[in-house]
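Presented sequentially are two complexes of subunit A, the first with subunit B as partner and the second with subunit C.
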Partner chain A sequence: MNADKHFILGVFNDEDVLMDAVKKVRGSGVRIHEVFTPFPVHGLDEALGYRRTRLPIAAFLFGLTGTTLALVMQIWMLGYDWPMIIGGKNFASLPPFIPVTFELTVLLSALGMVATFLIVSDMKPYKWPRQFDVRSTDDKHVIAIDLAVNRGKSKDDLARLLREAGAEEVNEKNFED
Partner chain B sequence: MAHITVEDERYQFTPQLKKKVYYLLGAGIVLFILGLVLAMTGGGHHEDAGGHAALSVSKEMVASLQDHASAPHAEDGGEHHGSSAWLKRTWAALWTNNMYFVGLAIIGLFFVAVQYAAQAGWSAGILRVPLAMAQWLPIAGILTLILWFLVRHDVFHWTHADLYVENGAGFDEIINGKAPYFFWPLAAGSFPLFYILRMVLFFGLWYWFLIQIRKNMLAEDLDPSTSYWFRNRSLSAWFLVFFAVSSSVAAWDWIMSIDTHWFSTMFGWYVFSSWWVTGLAFITLIVANLKSAGYLKIVNANHLHDLGKFVFAFSIFWTYIWFGQFLLIYYANIPEETVYFIERMRTSPYAWIFYANLILNFVLPFLLFMTRDSKRHLSTLKLVCPIVLIGHWFDFYNMVTPAVMQEQGGVGFLEIGATLIFLAAFFLVMFNTLARMPLIGRNHPMLEESLHHHI
Partner chain C sequence: MHQPSSVRDPLVTGGKTIADVSHDISRHVENKPAKLWYAAMAVSLALLAFGVYCMCMLLWHGVGVWGLNKTVGWAWDITNFVWWVGIGHAGTLISAILLLFRQKWRMSINRAAEAMTIFAVICAASFPALHMGRLWVGFYWALPLPNAFGSLWVNFNSPLLWDVFAISTYFTVSLVFWYMGLIPDFATIRDRAVRQGAKTRAAIYNALSFGWSGGAKTWMRYESVALILAGLSTPLVLSVHTIVSFDFATSVIPGWHTTIFPPYFVSGAIFSGFAMVLTLLLVTRKVFKLEDYITIWHIELMNIIIIITGSIVGIAYITELFISWYSQVPYEGYAFYNRIQGPYAWAYWSMMTCNVISPQLFWIKKIRTSIAATFILSIIVNIGMWFERFVIIVTSLHRDYVPSSWTMFHPTLYDVGEFILTIGFFFTAFLLFAKFFPVINMAEVKSILKANSERVTHAETAEKGVPVTTDK
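Take a look at the complex of A and B:
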């Protein structure tokens, strides 16, 4: 058995108990791998100490790429490669290029964000998600603790901690892959 | 979660602040008089030589467009522009500022109405700020009416009676075709009854809606019943329907008709978007300053974030409208339409304003307000909102002045002085109103939601 994929799970029924449990577990120095909830729980990301996503920075850079690409493409095409007289304007004039520039900025920024999000969230194509507890898609909240990163604590300690924090049941979960 | 109690807050218009506002007023009056003297003595000689080539092009173009039947260059010599340049410039400065502050007042009411109609909760704690801004509305109405009669022949070309005399030297077929819009039911060239009636109707009804909505808001403070909120919601919905039409017509009447030959189907939206983003920046700035002064305890970074997003989003919206108007005119290249931008882009006193308009109102707010943090901090809000406010002042300047002054306009002490006078008067009315009512509507049914607003 590979210890890297060995988890201990606390199953909770109520999101208020869950929130307190998350604070309690983290307060005792245990690192939580992930919490699975059937619906968004307000304040959970803060309780888990997640840093704010840097996705907006990626979006800005993708957008900037789109802007540059669109302007270079249009100026090269209509200004140099195949100049055409349209409405008596200059070959490379800015105003008519703005709509395409805008669209490409939005397009690249959106597609880039989706791609970045899928990659950083580990949702690449052909990647099967680990199903910790199928009930977390229905009515239960699940705290998953990775045993490998909490070597200071024994399995029993962690189970006791979760139970004291209000877990309905505590399970172990191994992933073979 | 920290529990916040809503305390009654009352705004104090402190003597120190009052003194500052009077200093502002004094500075405005001094600058205005200084500008008047400068304009009267040195009038019309400040264009630099570099601009002349472009000027003559645009002048020729304007002349050829306005030259419909006979009299070429009737504009330059005849009775149409009889007043001296300094007087026209004064009228243009006053009319620009009047339009700008009409916008701040009506957007105060519009903001409140939008919040009620959208059943918004987040804004429940800050509604008194736009409500106080709207108190300028009756003054704005009276000022608009009085100023209009003062400035009409110098600002509004269409008020000259000889434009409508068929076969006369000044006859203008295009303007004559628009005569009923101004003069109905009276004869073309006489008293513009329809136009004045619209002006009175718009200000009258806007003010009526303001009185009703404010009455309900203040009655709610004494009587914790939700009925006032429901009444305001339906009042707001009716107001918004009326404002949708009246804001567009007002924009045609009070601003677009200055360029009488020219028209743009986007102009109503253009003026509205400029008013709206100006008003939002002003509300944000006042809320940020009240917060810094220790008021509005229930306002936190989340409320500021929403206000910042409003300014950010509607700066982009304004740019969209601006560009929508510009691109079509640029591409179609119909002389009747293009002249509007020739007057502004290619005429030396205004060209820098034309580009500054885009930088101040799009590039800077877009880049500075892009990050989440910049919308949540008082310091950045207090930096960007004044940029937007100044930018849109130039926007209104460039809507009004080029058509009135042709190449003789400028931005100097006269314009700055007039702006400071208007600003100080606006502040006096707004802060006095704010001091006379509770700063928080304590019985607003959505106050609890506003307390827990979290984004």
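Take a look at the complex of A and C:
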């Protein structure tokens, strides 16, 4: 594979124009590398054909782990390892164990899901992302098209397509990695 | 596809463009702070220093330096603990519950309110920790860790232990939720720093943003995470103050042994939390010139929540009195008779005035849309809610079953000092937050700009021409 990466970027001012442009560009058979927006644009993931994230499943499974862990810990500690009579209740009585079970469910679910999010999104403090256009965290929306995966189209074709779709600017960007 | 609403007021005024939002919020991070900030910081640090001195004295000499005695075993410490936890609740209510209800006005205030939550919970947690007297063994007493006593585990039947789990989970999840919200905004500041050529700042904020790129796929996952965190935080925040109220409600002390405590504490928490949000934001808004983002309408909505929760609290007070009479239990009856007639009647009536009567002034539109009146009333509510906890704790304890052990509680310098410690820490932390972190959630505000302020944008940009942004 080519070591250098060449991208063509369409810069948009308005999220509604961007949405139409994404549909138009994908409709003409061009594969979009990624779209960078300063804020979440609703419906963009569907327009780009992304599969729905499975993070909710991860959150549920982590939560379930928390529930199990909390119940096992409490029942084992107070019921078996060192049973004590407290208020004349059973050694392992369920109702007083519910608050801690609930808290640990929430804790593990939240932490596990966020950790999964950071891992699947490849986010870490010491990593610089590929910055296609620094204005994309300010007020511009950027469609990035990888030239390597769209060999059928020339640079000029892509630029024209983006401009027709309403791009304010069309730029090129190369990365050396 | 522009959808300006003709019914609702715009959420952001002043004809702001998306670039204006980045500029207005980020510039406080990029520029040197105002003189007022330094002055406020100096005061907060002085309070903190005095508090740290008092804390050291407490740790050196033991909890005996506090004014606690054999009859009144909980006083200022637990009052302050409950007060601070309660204050924290507004942040989660704004960011999680209002997210689930799709209340978009939360977006200008959620960042600062969540920061307040985190600092308030740290302040709260310091009191039970210090009350243990020996911080260094606190881990073994509070957490289920193997220990040299056999292992003798912690008692999972105890509400005090539930509190440990509730508060630490609440703190962790709030911190994660808050930080997730900050990530895209840190990236905005990083990219502005790249454009301004500030390399160090760019590197720091890139690390803080975890290398955020803002791609559509990441945003999709991010939104999913935010929604689930909100869904988790909502029952969590309700559980936290419920469990705090169990500290009292599951005991057999007259005045504490009440089944209405959980909802009563939760609404009191939201009530005091919104008051503190208003106190902080009215100042922040003025100092940082954020009047277009935190509008009078935002203030009015928060005041409406104060009326609602304040009224619930008022009903709870009256219900307690009614039940103490209706139950015909002499101990219960005396506990409440002593509250309103005894030596701490002044505290009870201060609480009643501050919490039940004063927020009713917000029924008058002129008062709830007045900044000065809101500021004064928000402080009055904070004072009232402190008295509420003091009344519940101290008046229920100081005259117990044996009249020979009846006594009064007198705070010492160190009781006051520990409170000042948390006040100093809270404001120091908030000022640092306001300087180094974006005080308003830029990404969220940008997403509502179009739908909600189109009318203003058109009218005002037509007037002043193209909106001005200074850096490019």
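Keep in mind that, in the parts below, the second predicted complex is superposed on the first by the 170 of 177 C-alpha atoms of A that agree within 3 Å, B and C clash if a C-alpha of one lies under 4 Å from a C-alpha of the other, contacts with A are read in each partner's own complex, and residues count from 1 in each chain.
One rule holds in what follows: a contact is a pair of C-beta atoms (placed from the backbone, for glycine too) under 8 Å apart; a residue touches a chain by one contact, two chains touch by 3 or more.
What you see is a predicted model; the values in this text were computed from it and never measured.
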So, A:Pro56: does it touch subunit B (first), subunit C (second), both, or neither? both
Contacts of A:Val120 with subunit B and subunit C, given as first, second, both or neither: second
Touch check for A:Val41: first (subunit B), second (subunit C), both, or neither? second
On the superposed three-chain arrangement, identify whether subunit B or subunit C touches more subunit A residues. C
Once the structures are superposed on A, label A:Gln74 by its partner contacts, choosing first (subunit B), second (subunit C), both or neither. second
Partner chain in contact with A:Val100 - subunit B first, subunit C second, else both or neither: second
By the touch definition at the top of the document, which applies to A:Gly87: first (subunit B), second (subunit C), both, or neither? both
Both subunit B and subunit C contact which residues of subunit A? 56, 87, 89, 96, 99
Counting only contacts in the complex, subunit A reaches subunit C at residues 15-16, 34-41, 44-45, 48, 50, 53, 55-56, 59, 73-74, 77-78, 81-82, 84, 86-87, 89, 93, 96-97, 99-100, 102-104, 106-107, 109-111, 113-114, 117-118, 120-131, 134-139
Residues of subunit A touching subunit B in their complex? 42, 52, 56, 60, 87-89, 95-96, 98-99
Partner subunit A, residues of subunit B touching it in the complex: 323, 326-327, 330-333, 370-372, 454
Can you name the residues of subunit C that touch subunit A in the complex? 1-2, 17-19, 22, 144, 150-153, 155-157, 159, 161-162, 165-166, 168-169, 172-173, 176-177, 180, 183-184, 187-188, 190-192, 194-195, 206-208, 210-225, 228-229, 232, 235-236, 239, 243, 246, 443-444, 446-447, 450
